[in-house]
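Inspection log for the structure reproduced underneath, given as C-alpha cells.
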Amino acid sequence: MSAFSFGGSADTRVQNGSGMLLRYTFRRLLMLIPVSISISVVIFMIVHLLPGDPIDNLIRVGSSPEARERLATKYGLDRPLITQYFVWMGNMFRGDFGQAIVLRRPVSDLIMQNLPFSLTLGGLAFAFSSVVGMTLGTISAVVRNPILERFVRGFILLGSTVPGFWLALLLILLFSVTLGWLPVSGAKTWSALVLPVLTIGFGGIALVARVTRVALIDVRHEDFVTLLHAKGLSRSAILFRHLLPHALVPVVTILALRIGWILGGAVTAEFVFGRPGLGSLLIRALGQRDFPVIQGSMLMLALAVMLGTLIGDILQAAMDPRIREASK
Amino acid sequence: MSLILRVDDLGVAIGAVKPLSGVSFSLDKGETLGIVGESGSGKSLTAMTIMGLLPLIGGRVTTGSIMFDGSELADLPETAYRKLRGGRIGLITQNPMTSLDPLRKIGPQVDVVARLHLGLDKRAARARTVELLGDLRIPEPASIYYLYPHQLSGGMKQRIVIAMALAADPDLLIADEPTTALDVTVQAQIIRLLLDLVTARNLSLVLITHDMSVVAQTCDKVVVMYAGRAIERGAVSAIFDRPRHPYTQALIGCIPRGLTVTEPLKSIEGTVPSVAHYPSGCPFHPRCPRAEDICATEPPSFVQDRDSAAACHFAMAAAQ
Amino acid sequence: MKARAFDALDRLGIGRAFSSSLGLVSGGFLVILIAVALTAPWITPFDYAAQQLGNSNAPPGWPHLLGTDEFGRDVLSRVIFGARTSLSVSATAIGISVTVGMTLGAAAGYIGGMFERAVMTVVDLTWSFPDILLALIFVAIIGPGLTSTMFAIAIAYLAQFTRLTRAQIVRLKRETFIEATVNLGAKPGHILIRHLLPNAIAPVIVAAMLAVGDGIILEATLGFFGLGAQPPTPSWGAMMSSGTAQLFLAPWVIIFPGLVVAMTVIAVNLFGDELIRALDIRDRLRGT
C-alpha cells in the first residue's frame, strides 16, 4: 500500500467508503461460487455413493414400475453423472427437492414447514450468546477481580467441554422435572424456547466471552488508548466508543466461523427437545434413510453456513477499513 | 514571565518499584523545556505523571508536587484531571503508527477534543478541525478529514496527533519523543512545525527526547534525567557551555559535530541500570569516570551555579 | 533404551505438564481412565450386557453403585465399557486424521505451488463446515454405526493437522539449519523425514490430544442421536439416548455417563493447556 507522501494530492486517495464495501461484498459472493458447487456435489453424490441403484434410495419400496420410470426420467438417471447433477441442481433451484419417501410429501413442503422454527431458535440463540458473551467478556476484562476472573474462566472451560445434549437433559431435569417451570418439549409456547436457547447459547457464550476478553485486554495496551485518555475522554466513553468496537471485529469473525457450530447446536437442541426444525428433520431422515429429505435439508443447512460466513465477512469489512482495502 | 508548570521533588511508585524520585524542574509561559536522557531514564514516565495517566499503568505519585498554572495536580481527582487533559495540556506520543484508532476516520478523532472541552457542536468542531489541519500544513485538509489512519504516512499521522493535542487550544504541550519513529527528513519538518506552533500560539512546550542536538536547537531550558532522577537542569546555553555533571558532559560528547570527522565520537561505557536495580548514592557512579567512594554511598544534592544546577558531589570542581 | 524413552517423554513436556497441581489432577484422571478402559473386562463388577428385568431402574446404591437402567443392566459396568468404546473410537479416528493430515500438510508445505493451493482449498472446505454436519454426511453414506463415526471424526479434524503441519514446515523451511542441510547435499525426502517432521511434531501431538477430547464429544453426540454405536455395544452416547425415555424415572442413567464425558473432556483440555505451557508452543498453535 502506498504511503501518503508529503505534499501529495489527497483526493486521489479518498475513496467512497460504501463503494468499497460493495465491491468487497461482490468479491466475497464470487468466492462463494466454487464452495457452493463443491458442497452441492458432495450432497448430490450421497445417493450415488450408496451401494445399489440410486433410484432405490429415492423412492418407496414396492413402488409401481411406472412411478420408477417417471422418477428415472425426471432425474435423468440413465444419463451421465454430470448431466444428472445439473438436472438435480436445476430442480433444486426451482424449489423442487423431490418427494419424501417416508413422509410421502414434497421435501420442499417439509423444509418450508420446519425452516421458521430453526430460524427462530438459531437467531435467538445467536443473539443471546453474543449479548451475554460480550457482556461477560467485557466484565471479566474490565473489572480486575480474581474471583470473578476465575468464575468466567471456569465458565468458558465448561462451555467448551460439556456436551450440548447432556446439558439439555440436565436443564430438563432441573427446570421441567424438578421445578416444573418450563415445558419439557414442543414448540407451542414461547417458554418452550427458553431451554433450547440456553442449551445452544451456553457454548456460544463461553466462546464469545473468551474472544471479547482477549481482544479487550490486547487492545487496552495499544498506544492510541493512552492518547484517548490524554484527550480527556472518560473511561466509559473509551470503552464503548473505541475498545468494544475493536473487540467486536474478532467476535464477529469467530461467530461467522462458528455459525455452523451454532447450527450444530440447533440440530442437537431440536432433537433433544423434540422441536420441529431442519435439524430434527435431518436426524429423523437419517434414521429412516429418507434420502430426498437428507439431501434437501443438508443443502439448506449448508446454505445457512455459507450465508452466515458471508454476512460475518461483510460485517467485519464494514467495521474495519483495513480489511476492506486489504482485499483490493 | 509567569510560571506555567513547576514540578518539585516528584516521586512515583509502581507497585514496589520506584522508577522516579526527586524530579524537579519548572517552565515559564511560552518557554520550551527539554527533558533528555537515555531510554529507561524516566522521561516518558514523567510525562505520563504530569498527564495524570499513572493509574493506567498501576502507578501513583508518592512524593512531591506538580503545580500547573497555580493549582496542584498531584492529588487532583480523576474527573477534574479529565478537564485538564486535552483541554489545557496536550500530549503528543512517540509512535504515530499506533497513536490513532485504526477503525475511525481521522477527522472525528480530532473533533472530539474540541467538542469535549470547548463545547462545540459537530459542525463547528469539524470546521475547526479542517482549519487546524490546514494550519499544520496538511494539504487538502477537507479531504484528509475523511481518511482512515492507515491511509496516511507516518509524518502525516504525527501531524494528526499534534492536531488532536492542539484542538482545544491548550496552554501546555507535552511532546514525548515526537520524531523518534519518523524518517530523518520528516523529523526536521515536525520539529520545525512544533517550534512555529509554540511561537504562533504562545504555547509552553515540554519536549522529551534522547537527542541532545535537538535540545540545543530548540529549547530554552533543559533537564537531564538519569535512572529516574533529574541530575542536571538549567538554561540550555549554560548547560551546553559548562556541563557540570559527568553524565551531561558525556551526552554532549556524543553529539556529532560538523561533517569532517576529526575525532571519534565518544560513547558512554556501560548501560542504563534497570528500575529494579538503581544504584545507591549517585545513580551514575558505576559508569562515572570520576566517581569516588562518597558517590556510592551519598546521594548528591543539587548545586546551583548561576543559570544551572547539577546533582554531583564534584559539580563545583567540574565548573572550573 | 528405557532412558531414551524417558528422554523423549521429557522432550514432549509430559513430565513438566504433570508438575503443576492442575496438570497432576487432570493428567492423573486421564491415566486412570485409560487404565480402566484397558482393564475393563477384569474390573467391572457386573457383566455390562446382563439384563435383570426384575431389578430395572434401580437407584444408585449397593451392589449397583451407579444404579441400573431400564433393563436392569449395571450402569457402572456400562460406563466402564463405554470408556473403552469412546476412547478407542476417538483415538483411532484422530490417529488416522493425524497421519493423513501430517502427510498432506508436509507435502503441501514442502512442495508448495499449485499442489499446496489445491490441498489447502479442499482442506479449508471441510474446516468451514461444522463437524456435526460432516459426521451426518458420513452417516448418510455409510449408515449409522461406529465406522461412520470414526470417519466423521477423522475428516472433521483433518484440516487442523494439515494446516498445523504445513505452517510448521513452511516456517522451518525458512530457518537456516535446513538451508545448511540442503547445502550439504541432503535429499529432499531425507530432509523432510529426518529434520522437518520431528520439529513439527510437538504442536501436532498437543492438537491431537485436544482433538481426541472433541472426538469423544462427537462420538457421544452421534451415539445419542442413535446414529453412532448400535446396541449392544456399550457407548456413553447410546446409554444416554436410551436413558431419555427414563429421564423421570432413572435420571442416573443419563447423569453418570454425561458426567464422565464432561470430566474426560475437561481433563483433556486442562492437561492440554499444561502441555502447551510446558512446551511453550501457544503461538505456534494459534498461528493456524
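Details
All chains are identified by letter, namely A, B and C, in their written order; residue positions are counted from 1 within each chain.
One rule holds for everything that comes next: a contact is a pair of C-beta atoms (placed from the backbone, for glycine too) under 8 Å apart; a residue touches a chain by one contact, two chains touch by 3 or more.
The model shown is predicted, which means the values in this text are computed figures rather than measured ones.
Among the chains in view, A has its Cα centre nearest the centre of the complete protein Cα set. With chains reduced to the mean position of their C-alpha atoms, the one farthest from chain B is C. Separating the centre of chain B from that of chain C, both taken as means of CA atoms, is a distance of 57 Å. Here the CA centre of chain A is 25 Å from the CA centre of chain C.
Separating the centre of chain A from that of chain B, both taken as means of CA atoms, is a distance of 52 Å. Contact residues of chain A toward chain C in the complex are 35, 38-39, 42-43, 46, 49-50, 157-158, 160-166, 169-170, 172-173, 177, 257, 260-261, 263-264, 267-268, 271-272, 282-283, 286-287, 289, 291, 294, 298, 301-302, 305, 309.
Touching chain A in their complex are the following residues of chain B: 51, 53, 56, 82-87, 90-91, 93-95, 98-104, 112-113, 116-117, 139-140, 143-144, 146-148, 150-156, 161, 164-165, 186, 189.
Chain C meets chain A in the complex at residues 125, 128-133, 136-137, 139-141, 143-144, 213, 217, 220-221, 224-227, 240, 244, 247-248, 251, 254-255, 258, 261-262, 265-266, 269-270. Interface residues of chain A facing chain B in the complex, by the touch rule stated above, are 1, 3-11, 13-14, 222-224, 226-234, 242, 245-246, 249, 319-322, 325.
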